[in-house]
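Both complexes shown next keep chain A, but they swap its partner, so chain B is in the first and chain C is in the second.
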Partner chain A sequence: MTAGPVPILAEGLTKTYGGFTAVDGIDLEVRRGEAFGVLGANGAGKSSTMRMIACVSPVTAGSLRILGRDSATDGAAIRARLGVVPQDDTIDGELTVRENLLIYGRYFGLSWKVLRERSARLLEFARLEDKAGDAVGTLSGGMRRRLTIARALINEPEIVLLDEPTTGLDPQARHLLWERLHRLKQDGVTLLLTTHYMDEAEQLCDRLVVMDAGRIVASGTPAELIARHTSREVLELKFAADERQVMIDKCRGLAERMEELPYRLLLYTDDGEETLAAVNARGVRPRTALIRRSTLEDVFLTLTGRSLVD
Partner chain B sequence: MGTSAPAFRELGYWLFRYRRTWRGSIVISVANPLFFLTALGLGLGKLVDRDGALHGESYLRFILPGMLVAAVMQTAFLEAAGPVLQSVRQRGNYRAAAATPLSPEDILYGHLMFWALRAVQNAVLFTGVSVVFGAVDPARAPLLVPIALLVAVAFATPAAAWSVTVTRPSQISAVFRFAVLPLYMFSGTFFPVEQLPSWLRPLAWATPLWHGVDLGRAVALGTATPFRVLVHVGYLTAMAVAGLLVARRNYRRTLHV
Partner chain C sequence: MTVTANPPVRPRHGRPWTMVERNLMIYRHTWPVILAEIFEPLLYLLAFGLGIGALVGHVPGLRGDVPYPEFVAPALLATAAMNGAMNETTFNLYAKLTTDRTYESILTTPMSVRSVALGEVSWALLRGTLVSTAFLAVVSAFGLVHTPAALLVVPSALLIGFTFASTGLLVVTFLRSWQDFQLIQLVMLPMFLFATTFFPLNVYPRPIQVFIEALPLYHGIELTRAAFLGTTSAHLAVAVAYLALLGTAALTWAVHRLERTLRD
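Take a look at the complex of A and B:
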């Protein structure tokens, strides 16, 4: 891609509703052609951030420039170059799959001729060619999502915003969607997505930020975040309910850090085997023990003290 | 056709949807006056015309403008209330449009143009049927169309301004039942307001529908005076403008949160 203005540049971006601060002075820089993730639990401020970037929510304070333009004054011109995949579907259930693409494209002032050609291509991209003439009501959840994404591409956007794109989809539908998003990225489209799925973030994102209570608490590549904020390995232990507390107390001091979750105990360590041996030496008898590499989930736990999906 | 003014793109959306239902809506627009003119004009009218309360006008000619204006009000309310609620909430087509270059005001103006077109379509069919029935002077009938348009806009804009903030469909049916239908009954649609007890008359004169009905009737029967026309048109225009201003504000607050 040729060097142009930075796709998304936010400084001190703030959003308040009445007395409630949803987004609390965040800085963001999304580079051309990358897939950028915003991670956070529900209520962390992800969706408010996305709505401001989509230019459908006025910025309370701070500056927000998208494709070199000011979001406060150039909203319409910016929206013309964005593709938006909202969290809740806004597909028209009374129209057919193809009609949804056509009529949405008209909002961008595109001619019917251009739209007929593009919708054929996008139906293929979304693997919905066979469904073109069907009512939207007959689509599965994954198909609806793919239609929403296809619709967001009708204006050939430079940036695509995806707010929790795979929430509520089954694993197969998620993988197909990820594969389509990868293809978009290869075509040079900048992707900004929110998610509370760690595997999704690791699959898709070149860089990401972790949000908590309206602030950015960490940023970097997935590998950087794991290296910086958590140990190399994690020992996961599960106990029988009646001896759980006794066992947990016995494990204290065996690892750099310990995290108690409702159904498991996490021990953060650089050598899982060694820690497991130490655990056994103390007479701790877990029902199951698992050694694994640290993931973004652990980064999130470390940073915010709670898990992403409750 | 390449680019068009943004508001026309919203109008395009509603026309695109309308392609699926226009036949049915035209049948309703024609059947509605047919039933009313037959039942009220020919049936009830025969009875009313005996006592001469309408100063020599036939009941059919007396109620025709009122029926038209009231029907237009009802359609304007129904098309501006429920569909706006659906557009913001369930179907979400307003939210989808707000993600495109359209502003909330463009979305409002585009939808308003659709209501206006529907009102004109309704009024043309209604007066057309009425002319065939001999219920209105063919020379004055075309004047009823712009009056119907004014009434439709005067009711559609406040209805939209309110509906864009509504969260439950039951609120809309409540307003229809307790505000719109009573207007129908007490705004001189079926009988001269002078028939009401004297203490109730000022209330009728204050209702927006009465201004529309009386304007339509005065024009259709050839009894209009410049002062009367000015008062009615002024009232309805003020209502349309106030509704539009509040709707603009509410659309922006709802769609650009």
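Take a look at the complex of A and C:
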């Protein structure tokens, strides 16, 4: 489905707090039905961007149109058609699980009759049927997140914004969430999500941008980004602490690019085997050596010189 | 799950009433707290009305002489309306603004800051009406009510509730920490003690009278007392205007300030 206005269109989008610029003139275009990712380390400006798109935080400069409407003048009408999953769970602690869904739907002006039916369906979607009457304080982190997502769907939104949806969750809870997000996408919902997990971006996103210090430093599909910004393969070496520096010095010049991380040395190369042979030929004896394909993590490292999760 | 691009149900924009619904939902679990609010003025009435009443007997000057319990009862009702409203929009609201961050999620919906503010004030008013009606019922059961005009204390209490709920909403936007609540107490307690709650205005020297006449609670008590005793005077129009104006101004300013903090 490509008809209708562009879901999200931002030009020169800027956010400043006092004198500090958190989002520095970014351009974004999110297409209908796609899952779009914003990748960046802490403080990159992801949440500030999401909050502007959610029309909860005013735009400092630039233009932002959502579903064809101007965010500055049509905030309420836009919010009526969005689902928002903020970075920190903001579940109503004074209400039960089901009441959270019901009252949130009332804020959209939905009738009780519609809400009773939808909340039952969403409790099932979030696998929280057994918890419906419980206080939200008794929920685990994964359950709270699923409730927040279920809540964001109460108005059957056309776009769902998810700010770090799986941060702090255990692997099992993350996989369950990813599966639910895939289902949403299949249903035709446009997803915009931020993350600092590479695997999440690769799993979920059709296209993404990499943000650093309030700017977009790269954009494209995951495959395009990898092809454009990093080599095909990576040779990862680990050394014993005492000989680490000597070994690293010996490796210089063996690969197109080299990245020193606290516990690993990364050599970017198009042929990992060949580079490993060259490393061994120089008398470098790593404790472990691993050849793998490049990932978005490597793209991020290349672009920003920092790893995503510190 | 089917999420369609053409939702069959057109969502309407959030209205203040839904904030009241949220509070009602919570009160379904915690309704006994409202009993405490009715109990408090009754306790004062018992202690002061009967205790001091036994010593002073009647208060001269108003519609002949008024028995002391009938003098304090409407003032205690005005005070209860004030405290109930203030507590709701200062104490409860501060918790929702800071620790609970209740409004963050509400404001991701079509609800506006104005709707949220009006809704919270409406809720404070609804609670106040409940408390003042119950209080009126109890004191009339004690035989303190002699005129049907006493029913007018309910709308009077509503107006007092509006003034103080709005003022509380404005005050809460200036609070920096929980410690600041002591400053609120520092204003509220003397107001409670001096705004002709327990003594008529004429016991004070003139300069203090002027000060008391500037207090919003004084005007509130004038209203409830007039209704309760069935008296009228030109001053009542002044009282109504004062309370309505103060409430509206405070509410307008509070919404403006909340807009700035909640939509940063």
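As a convention for this text, the second predicted complex is superposed on the first by the 309 of 310 C-alpha atoms of A that agree within 3 Å, B and C clash if a C-alpha of one lies under 4 Å from a C-alpha of the other, contacts with A are read in each partner's own complex, and residues count from 1 in each chain.
The rule is simple: a contact is a pair of C-beta atoms (placed from the backbone, for glycine too) under 8 Å apart; a residue touches a chain by one contact, two chains touch by 3 or more.
Source: prediction; values computed, not measured.
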{"item": "Overlay on chain A: chain C relative to chain B, clash or fit", "value": "clash"}
{"item": "Touching partner for A:G188 - first (chain B), second (chain C), both, neither", "value": "second"}
{"item": "Touching partner for A:A227 - first (chain B), second (chain C), both, neither", "value": "neither"}
{"item": "First (chain B), second (chain C), both or neither touched by A:L153", "value": "second"}
{"item": "Which of chain B and chain C A:I248 touches, first, second, both or neither", "value": "neither"}
{"item": "Contacts of A:I291 with chain B and chain C, given as first, second, both or neither", "value": "neither"}
{"item": "Touched partner set for A:G4, first chain B, second chain C, both or neither", "value": "second"}
{"item": "Chain C versus chain B, contacts on chain A by residue", "value": "C"}
{"item": "Partner chain(s) touched by A:A132 [first = chain B, second = chain C, both, neither]", "value": "neither"}
{"item": "Which superposed partner A:D92 touches (first chain B, second chain C, both, neither)", "value": "both"}
{"item": "Partner chain(s) touched by A:A120 [first = chain B, second = chain C, both, neither]", "value": "neither"}
{"item": "Shared contact residues on chain A - chain B and chain C", "value": "17, 54, 56-58, 76-77, 79-80, 82, 84, 86, 88, 90, 92-95, 99, 103-104, 106-109, 111, 155"}
{"item": "Complex contacts: residues of chain C adjacent to chain A", "value": "1-5, 7, 9, 11-15, 18, 21-22, 25-26, 100-102, 104-112, 263-264"}
{"item": "Complex contacts: residues of chain A adjacent to chain C", "value": "1, 4, 17, 54, 56-58, 76-77, 79-82, 84, 86, 88, 90-95, 99, 102-104, 106-111, 114, 121, 125, 151, 153, 155-158, 183-184, 187-189"}
{"item": "Touching residues on chain A, where the partner in the complex is chain B", "value": "17, 51, 54, 56-58, 75-77, 79-80, 82, 84, 86, 88-90, 92-95, 99, 103-104, 106-109, 111-112, 155"}
{"item": "Chain B to chain A touching residues, read off their complex", "value": "1-4, 6, 9-10, 12-13, 16-17, 20, 91-93, 95-103, 255-257"}
